[in-house]
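Would you mind keeping the following structure in view while I ask a few things?
Lettered A, B, C and D in written order, each chain numbered from 1.
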Amino acid sequence: MDSLSVPMVRAVLCLSFGLFHLVMTQSVLAQTLAIVGGTVIDGTGATPIATGIVLIDNGRISAVGRADEIAVPDDVLRVDAKGKYVIPGLMDANVHLGLSHNLSLELLVRYENQFDEIILEAAQMALKEGVTTVFDTWGPLPQLQSVRDDINAGRSVGSRIFLAGNIIGLDGIFAGGWLQPGAEQQVSAAFRDRMNQRYEQEVGTELLAMRPDEIQSAIAAYIGKGVAFLKYSGDTQRLVGSSMISTLYFSPRQQAAIVEAGHHAGLPVQAHIASEEAIQVAIDVGLDIVTHGDLAVPPKTYSRATIQRLADSGTAVSVLPFTERRLEAFEEFAEANSQQIVWIPLYRAMRENRRAMIELGVKILLSTDAHLRNAQLPDLIPIPWEIDAVDPDRAIGEAHFNALVALEEDGMDLMEVLKSATSNISEAYRVDDELGTLESGKVADLLILDRNPLQSARNYRSIHMVIKDGRIIDRTELPVSAIINPAN
Amino acid sequence: MDSLSVPMVRAVLCLSFGLFHLVMTQSVLAQTLAIVGGTVIDGTGATPIATGIVLIDNGRISAVGRADEIAVPDDVLRVDAKGKYVIPGLMDANVHLGLSHNLSLELLVRYENQFDEIILEAAQMALKEGVTTVFDTWGPLPQLQSVRDDINAGRSVGSRIFLAGNIIGLDGIFAGGWLQPGAEQQVSAAFRDRMNQRYEQEVGTELLAMRPDEIQSAIAAYIGKGVAFLKYSGDTQRLVGSSMISTLYFSPRQQAAIVEAGHHAGLPVQAHIASEEAIQVAIDVGLDIVTHGDLAVPPKTYSRATIQRLADSGTAVSVLPFTERRLEAFEEFAEANSQQIVWIPLYRAMRENRRAMIELGVKILLSTDAHLRNAQLPDLIPIPWEIDAVDPDRAIGEAHFNALVALEEDGMDLMEVLKSATSNISEAYRVDDELGTLESGKVADLLILDRNPLQSARNYRSIHMVIKDGRIIDRTELPVSAIINPAN
Amino acid sequence: MDSLSVPMVRAVLCLSFGLFHLVMTQSVLAQTLAIVGGTVIDGTGATPIATGIVLIDNGRISAVGRADEIAVPDDVLRVDAKGKYVIPGLMDANVHLGLSHNLSLELLVRYENQFDEIILEAAQMALKEGVTTVFDTWGPLPQLQSVRDDINAGRSVGSRIFLAGNIIGLDGIFAGGWLQPGAEQQVSAAFRDRMNQRYEQEVGTELLAMRPDEIQSAIAAYIGKGVAFLKYSGDTQRLVGSSMISTLYFSPRQQAAIVEAGHHAGLPVQAHIASEEAIQVAIDVGLDIVTHGDLAVPPKTYSRATIQRLADSGTAVSVLPFTERRLEAFEEFAEANSQQIVWIPLYRAMRENRRAMIELGVKILLSTDAHLRNAQLPDLIPIPWEIDAVDPDRAIGEAHFNALVALEEDGMDLMEVLKSATSNISEAYRVDDELGTLESGKVADLLILDRNPLQSARNYRSIHMVIKDGRIIDRTELPVSAIINPAN
Amino acid sequence: MDSLSVPMVRAVLCLSFGLFHLVMTQSVLAQTLAIVGGTVIDGTGATPIATGIVLIDNGRISAVGRADEIAVPDDVLRVDAKGKYVIPGLMDANVHLGLSHNLSLELLVRYENQFDEIILEAAQMALKEGVTTVFDTWGPLPQLQSVRDDINAGRSVGSRIFLAGNIIGLDGIFAGGWLQPGAEQQVSAAFRDRMNQRYEQEVGTELLAMRPDEIQSAIAAYIGKGVAFLKYSGDTQRLVGSSMISTLYFSPRQQAAIVEAGHHAGLPVQAHIASEEAIQVAIDVGLDIVTHGDLAVPPKTYSRATIQRLADSGTAVSVLPFTERRLEAFEEFAEANSQQIVWIPLYRAMRENRRAMIELGVKILLSTDAHLRNAQLPDLIPIPWEIDAVDPDRAIGEAHFNALVALEEDGMDLMEVLKSATSNISEAYRVDDELGTLESGKVADLLILDRNPLQSARNYRSIHMVIKDGRIIDRTELPVSAIINPAN
């Protein structure tokens, strides 16, 4: 400690006691930083380093290793991590930062010009709770891009955003059942068209009637708008009479064309899928990621042959885990009210599918479909709020904690749980040269936890510090401004 | 002219050539003003004064008379009205300045915090076209009051507003069919309740189940909020199967209680009425004004006995006149499209009723139900825009001109036409000690027309100058800011 | 007994043991009949005759009196009523025999040509349980008339029917909310018009726009179709937003015209009423019967002044009583399911109104709105079947028993309870010269009960024998054929 | 002629003059029959026989050839066809005899127990106009089977029926958009379930979630019910917002399983298809018949590569041809009413697709989707009746005449037109060993036309005689009884 100047000493002391207040608006622009003395779990699956050091220089990790092997330069900010656990920043493979699941016509009209602020609010809720990178798999493209750019340029603080824009094949926000029936009749054509365009981005239903070569041209134009990855609608769910069905959306040869267009541009491709048939097609066409691959509509346990094929092909599967307590909440509610709850068979089938995937070695990505939630907001999935409050699986900033616990409950090894939220995701999304592990040269996104995440997934909640791009995040300030949950 | 100082000379010259530009933001704060040389038609029905003078001092008329009888002081602003016609400012007995007939859910959400601006826009559209006083017979009370107060205090320029607030007996904006069906399902309960309250003001449907004494207490409390007159729902129209029916809303003894409560507080009382039965009840209970008394739903010509009773009782009737050309537009459209147009029998019956009322001497008040209109706005009465554009009878700032012509077409004497838009209204609304005629002591609201309104009602359009509260209005500046029709 | 021939003895014995089987198809065509030895409660309110005799000759009562005062002729069929109670046949002031509250589009289409059979089924369910006369206050006129005529002519057995046909002022069956929303879109215009006409009978909504003299002509024409009494819509209930309101339907002067037209033809007039205002108007116009006068929508306790006026004016009020157990069933259900049950405040207000009417001496008529019910049928008032099964108040053949008990629970003297179901009704409907009491010259409609109805209203269920038109009804055979409840 | 007995001579004379009246109720039970002297066009595409003879014995053709080559036995009924044209009985590859496109809830309820009669009415309308065999591609299985069996057994006269029952994958009649929205809310659950079951037959949406082996078991069970061929839903159309889209219904591997199950049982398999993607899959899986393969939703001209693949693979395509006059009627209506008519682009694309298929040599099957139609009936495709009356393409007994003309207009060689309605269909449906041509050993279904169908397709209307199963049909008696079009 004697090598530290007085101000440094104070800084470290304050950090240790959680009293540190950043003088700068958003983050500490530390040129160099040393995380000293903690157990380093690097996200690669390697044995943790008991007393390790992580050196950060100019936003990147410059060295990782045992304390006795790495020299800490004099002029760095030292962060004392003794007794703590240093892990890569968490990732969420599937979120919706913008108005999405939580939409009502009222919100759409009122916040037409505040989409950016809402997206930023969500990105800050995620970052505050340790999710340093999110993959937004459906949302308003221009506004998501704007917020992404602000964050990347340091103009705003928030989780790092990769975005897909529209789910290829879907029409705009008034067309897809996102709003209450009849919403279109309440607004002017001009407003409807403006809002549709934000979401549709010229890759709507018109692609369904296209031949493969036509589709590839459309996708190439779409990629030119600046998306980070592609997501298309692999199958689609709808109610026919009283039966909920899944049917393929794009035909297999159309899906192959989309995947090829994405790969040609170097982008990973995923698809919304909730049926075994669509999973089979996905593997056939070389899809990178099956979105919520545990979800089967109608509820069904997938065959082991299909799951084995997923594992063998190396196809990544993002899943939507929930805790046992949450399922129990549904079951208790159903019993108390003598009602059939549609989520119960669905959740049960999802759990079976997840467990089989874990057992057979499918590459799992933690995901949540998370978005800003509160009791007054509507939700696409209208679960009674009192039930939904039990281990929420869709509330951004909270959902990932429960999902991590759920994966442990599903029988996943705790080292694999960590990878499912870090390196598995960076690999599947093809950003593993930059993100996802604590390795020299990688971007310095990392968490310091008070308790060991390899002992219990519940320990992910024990966040001591969040560092993104080599900067210590002032979690107390987040979200900086809030529209949807202003009380926070 | 030699008595005028040089600046005065320039002012008068400029006015004569219509080039006058006010230096002050809103109006000329002339302490004293003399309208010199015009034909003065004072609104009382008296013979016009061929070469008259109207002296205005401190916002009020200080003298009216023949030019050779009245001395014009030296230090006044002289307005040369030679060859022109000086009449009282026009009044409209029934307008809706706020979001009302022109409502959609989209507008309601978007402009929740801009109601005041919209109301002011409407009040300025009216004033610009010579309507110096409007009676708002249904709208959001707090916002109407706010704008009224701003205008009265000189903080804003606009037509003088008298307001009823809610139509007593109606629930809020989400309850009454003002919005598209299903609107309520698109918004949060909090928003719905906020908006309902703006309009409902504790005098909603709950009054229907009250006994007379209970009603009187409720009305007294409502009057305490500061309304200028009362309007209640006398009857109500609705579709039963494919039949449109009118039935009484409040019972006769409840209506009597409302009227008594209003009169006890010195307020005039009117009622929405569209059936002969309700007219009969109105006369029984001593109502002051029958709102749109020419309207019969389903379309029906009222009996001459009933109309004679209206005349004998002195009950005023506000009417909704339309021109022959407008009715013809409907008829032509119907013929070209082989469609039945519901408005045709309705308009025909209204015309018959109006003509009989004129013939039998009922006291007629010009009214329009006018509100801000444009082609993109919805309207409670969804007439195809191309038809509605023919002599519009509901567009604020325009409707009154057509209504005045229509009354002439209906056979009304032109002096009576003027009274129907001035002194008849001020008398019926019990503000004739202050407004409605050009008489000494009255508020100085007046118009100068280029052409004689006693030769043709079309001449009301020839506005040369609008003076309100003794101040010359700069019509070119109105509306000062516009939300609904920003192009204006 | 020695005066009886052997067959007679056997008959009487069999009757005593309830084993009697009629040889004739429907009833015993006894020319003369003597009810001997029972306690005779004649329905006038007079002290019961402890050991009485009722002599019946050719369908009419020829003598009533003490056994020691009246000689029983030799050649009559003697019915031993010793230890039993002889009362007038019960009446129900308000039933709906045809498809009415129990309508669905499916039933309407399927049974288009079987309305008569359904009406007869209902009339037989009523008669079987002691209701010898019903007043059908709304239903399909031609079919009701046909069944009425068949019964009166002895071609069918069933309760005696008096009928109103349409509720004056209401349009046909597709217009009034009797069917599920959207029903009209499922059928052809031809079918819709046929069905509407059955119910509407040219006294629909068009009367609302008529002047009194026009109304009287329309009513006169309607009376010419052969109705027994008139019923019009005095007020009307509807949902405005989330508020249920009652408003007058016909104006007071229109109501007066209807009443006058009815009285001019010698017919009693009643009106559907569910508000205090409409009750006041009813008294003003001289209405004979207020239909379900205990019902207040929205739920409200009527003022004692209004109820006193009802009593003073002698206006009869039909009520819809329900038992305490039934209200408790609603309350328990609400508590168990933490739901607001709209019927609870309604039932509570109805009970209060009924009790005040009983206390203040209003002339009460027992009524039920009864119609054919089963668990599979829809109902206009969709009470969950498990609750509705507790002391059903609308199931024909059952509802009147519960209503009688309910009146006792409401504090009505048991002699008054009997009158409310007999002489009060015959008086209010102006058929008391023929029906309603056990008096010489009256039609011989009577019940023999095993237990004393003046000890408990529950004893009305102890029916030993039903006699209508002087004929013993074979209750075991009823209903002869059944469509709606074929299992019976 | 001298070999004929006197009665025979009379019969032949009568036939020649069209005065022949059959003595037997339905048909002449001629054991042997000789069609003599006409031009025989046998449906194989062979050169017509100018003066030919067709011998019929016991319902089958025993010889066909030149008059100078074939001896006519003495004791046969000779039919003089001199100057006329003898062709195989026509076939329609796609009809709906039962309540289907023409459904309303009203009809469903009313005719619940008369489905058989309606189906027979349709089968008789077809036979009357020369369609001796129909393929019913969707309808109520039990009732279709019953009528089919009655006809086959000679208990009824009517077109020969081959039936598919349900379209595999579709739920019952209340689920699929066949009825107006909201129909289910108008009926009891019991009725809904009964009607659904008639159509659904255990091969509904539940198959969508099955794996291939599960599907094959379900199909095998279904085949066991006695269907003649299979039809499944290859793709499905629906409105998303304002876009009409087609997406695959069963996945390719599921489709392969269905086709395999059908072929395993010796049944031909077809699929409802309206998109190019589904056509591609159909060819991949070895489908026998693409139903309405000219139909593209949204309207689109298929690529020539896809159409060439159809031709090369030998996949048959049933089409829905319409005349130029019909398309013009739509265009004129659209112009007169300045409306966009959805059918216009659809019809135009269909015509382009049909023409390309004809040009490239696809095996075309004439089809109509025909069903009983009249102006009062609803229709799934709600074309204004006045337009629909121009060369109707869906009215059974009429549609095929217009379709034949339309194929000629589309450029099809007239010999191919005949084959499209005879041998092409029998081959595609695998019944060509029995039906479709005039060859020795085949079932004796044939028409005698007055005019040459190889000169103009309009000549198919000139029906002189219909023979089915070797029996002359009394066309004047058909339909024997009629429910839907009783006036016929």
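Methods note: a residue touches a chain if its C-beta (ideal position, glycine included) is under 8 Å from a C-beta of that chain, and two chains touch if they have at least 3 such contacts.
Small disclaimer: the values here were computed from a predicted structure and weren't measured.
Any chain bridging chain C and chain D, meaning touching each of them, is missing here; the list is empty.
For chain A, the chain with the farthest CA centroid is C. Computed from the mean C-alpha positions, the centre of chain B lies at a distance of 68 Å from the centre of chain D. Chain B and chain C have Cα centroids lying 55 Å from one another. Computed centre separation for the pair chain A/chain B is 58 angstrom, with centres defined by C-alpha atoms.
For chain D, no residue reaches two or more other chains under the stated contact definition. According to the touch criterion at the top of this document, the contacting chain pairs are A-B, A-D, B-C, C-D.
Put simply, chain A touches chain D in their complex at residues 171-172, 174-176, 184, 196, 204-206, 208-209, 211, 236, 238, 240-243, 245-254, 275-278, 280-281, 296, 298, 300, 303.
Chain B contributes residues 104-106, 109-110, 112, 179-183, 185-188, 190-191, 376, 378 to its touches with chain A in the complex.
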